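Sharing a structure with you now.
Note that the chains are named A, B, C and D in the order they appear, and that numbering of residues resets to 1 at the start of each chain.
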Amino acid sequence: MRVQVRFFAALRERAGTPALEVKVPAGATVAEVWSAATPEESFADNVLAAKNMQYVGFDSPVEEGDEIAFFPPVTGGAG
Amino acid sequence: MSVRVTDAAFEPWSQLAEYQREQAGRAAKTGATAVFVGSMRDFNEGDEVSGMFLEHYPGMTEKYLEKISATACTRWDLEDSLIVHRVGELSPGDPIVLVAVWSAHRKAAFEACRWLMEELKAKAPFWKKEQLAKGSRWVEHNTPG
Amino acid sequence: MSVRVTDAAFEPWSQLAEYQREQAGRAAKTGATAVFVGSMRDFNEGDEVSGMFLEHYPGMTEKYLEKISATACTRWDLEDSLIVHRVGELSPGDPIVLVAVWSAHRKAAFEACRWLMEELKAKAPFWKKEQLAKGSRWVEHNTPG
Amino acid sequence: MRVQVRFFAALRERAGTPALEVKVPAGATVAEVWSAATPEESFADNVLAAKNMQYVGFDSPVEEGDEIAFFPPVTGGAG
């Protein structure tokens, strides 16, 4: 099945692209999407994931058409 | 309850004046307004910072800010809340974030305003990249509150 | 550090904009601004309130507000503070009090702003007389924070 | 010796005047100023005192020319 992958901030720069589509087997988890999307990066240390714009863990199951986003710890706000 | 993510510079006090004008008639019920404004400093971790790029996740960022605003309204007895967050290219001194909470009582206003800021900093999908004299760097973590 | 007691109606957001303009150049050092605005409600203890007279002790009131502002600066690492308090004849919805605190960090700004409001309510020499449908009454005690 | 007395808010209304001068013996306390200034009010329950614009207790000594203020609990601020 196909899922949409998005990267933000430093991960977007490392991935070299803000978005791509990957194919993963039915029943795949966010961790498998990460591996498919970033074949050169073995570890997902300090990487956060969101599924359809909600935070999820890397063990969360994925469905066809989901948007999976990976990004570093957030640094918004000020003060 | 309003959430705004904007790539245009904003002046927090005129935003508040304008927002309250739109909500005319509420003032006499409210009693207490607590506000926090966070601005871009010209230093961080010992380095001079000359500019900043603020990235966000369009869609998720707004959803997250709306979620914490709604949660604040269930945890405290609030009349209203407003969150404004800047994105894009910023200069030192520019306001980055405005959190305002209206309530009948100051305890609820103070607590909810502070809680919203902590939730925003902890999980709202924004990322800062600082421009230094020697190149740029992504900010890796937020300061604790 | 500024303290103002005024018998003229004030608009808190334009006061803040003006005060910050006077302090130009500080913005980029500050990072965090916490503000509280308290306004006159049109109800109290179950009664509709149509107007209010706010009395103070000229001289002592300002001295007391200056003292707590100075104390806040020793307890927290603050850049500046502003307290504005209205006296005289007020109408519902009118801002009564504005407390603003500028700091490099939000924790200090939040804590000092709240502390100043509690100290102000506890001991600053102001007294409220409410105008009700049936005559007027002195407010006998402040609500806890 | 002479001291200046000021009243505020409900106490000003009860006293019928915002200010008056009283004579008290040398070494008098704020409590004696209260008694001299308000002969009809035996108790000073719920009355606060300031000497020269600083909060003081009723046992505080008073000097010639001091300004002694009496007022009810304060009710400033809002929210």
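Criterion: a residue touches a chain if its C-beta (ideal position, glycine included) is under 8 Å from a C-beta of that chain, and two chains touch if they have at least 3 such contacts.
Bear in mind that the values here come from a model prediction, so they are computed numbers and not experimental data.
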| field | Separation of mean Cα positions, chain D and chain A [Å, integer] | value | 71
| Whole-Å separation of chain centres (CA-atom averages), chain C against chain D | 26
| field | Junction residues of chain D, two or more chains touched | value | 78-79
| query | So which bits of chain B are touching at least two other chains? | reply | 31-33, 36, 38-41, 104-106, 109, 117
| request: Treating touching as the only link between chains, describe the layout with one word: line, ring, star, complete or other. | output: other
| Pairs of chains, among all present, that meet the touch criterion | A-B, A-C, B-C, B-D, C-D
| task | Would you tell me which residues of chain D are touching chain C in their complex? | result | 6, 8-10, 12, 50, 53-55, 69, 71-79
| query | Once bound in the complex, which stretches of chain C touch chain D? | reply | 36, 38-41, 54-57, 59-60, 63, 85, 96-97, 117, 120-129, 138-142
| note | Residue set of chain D touching chain B in the complex reads 78-79
| remark: chain C partner, complex, touching residues on chain B are 11-14, 16-17, 20, 27-43, 92-93, 104-107, 109-110, 113-114, 117, 143-145
| request: Within their complex, state which residues of chain C touch chain A. | output: 31-33, 103-106, 109
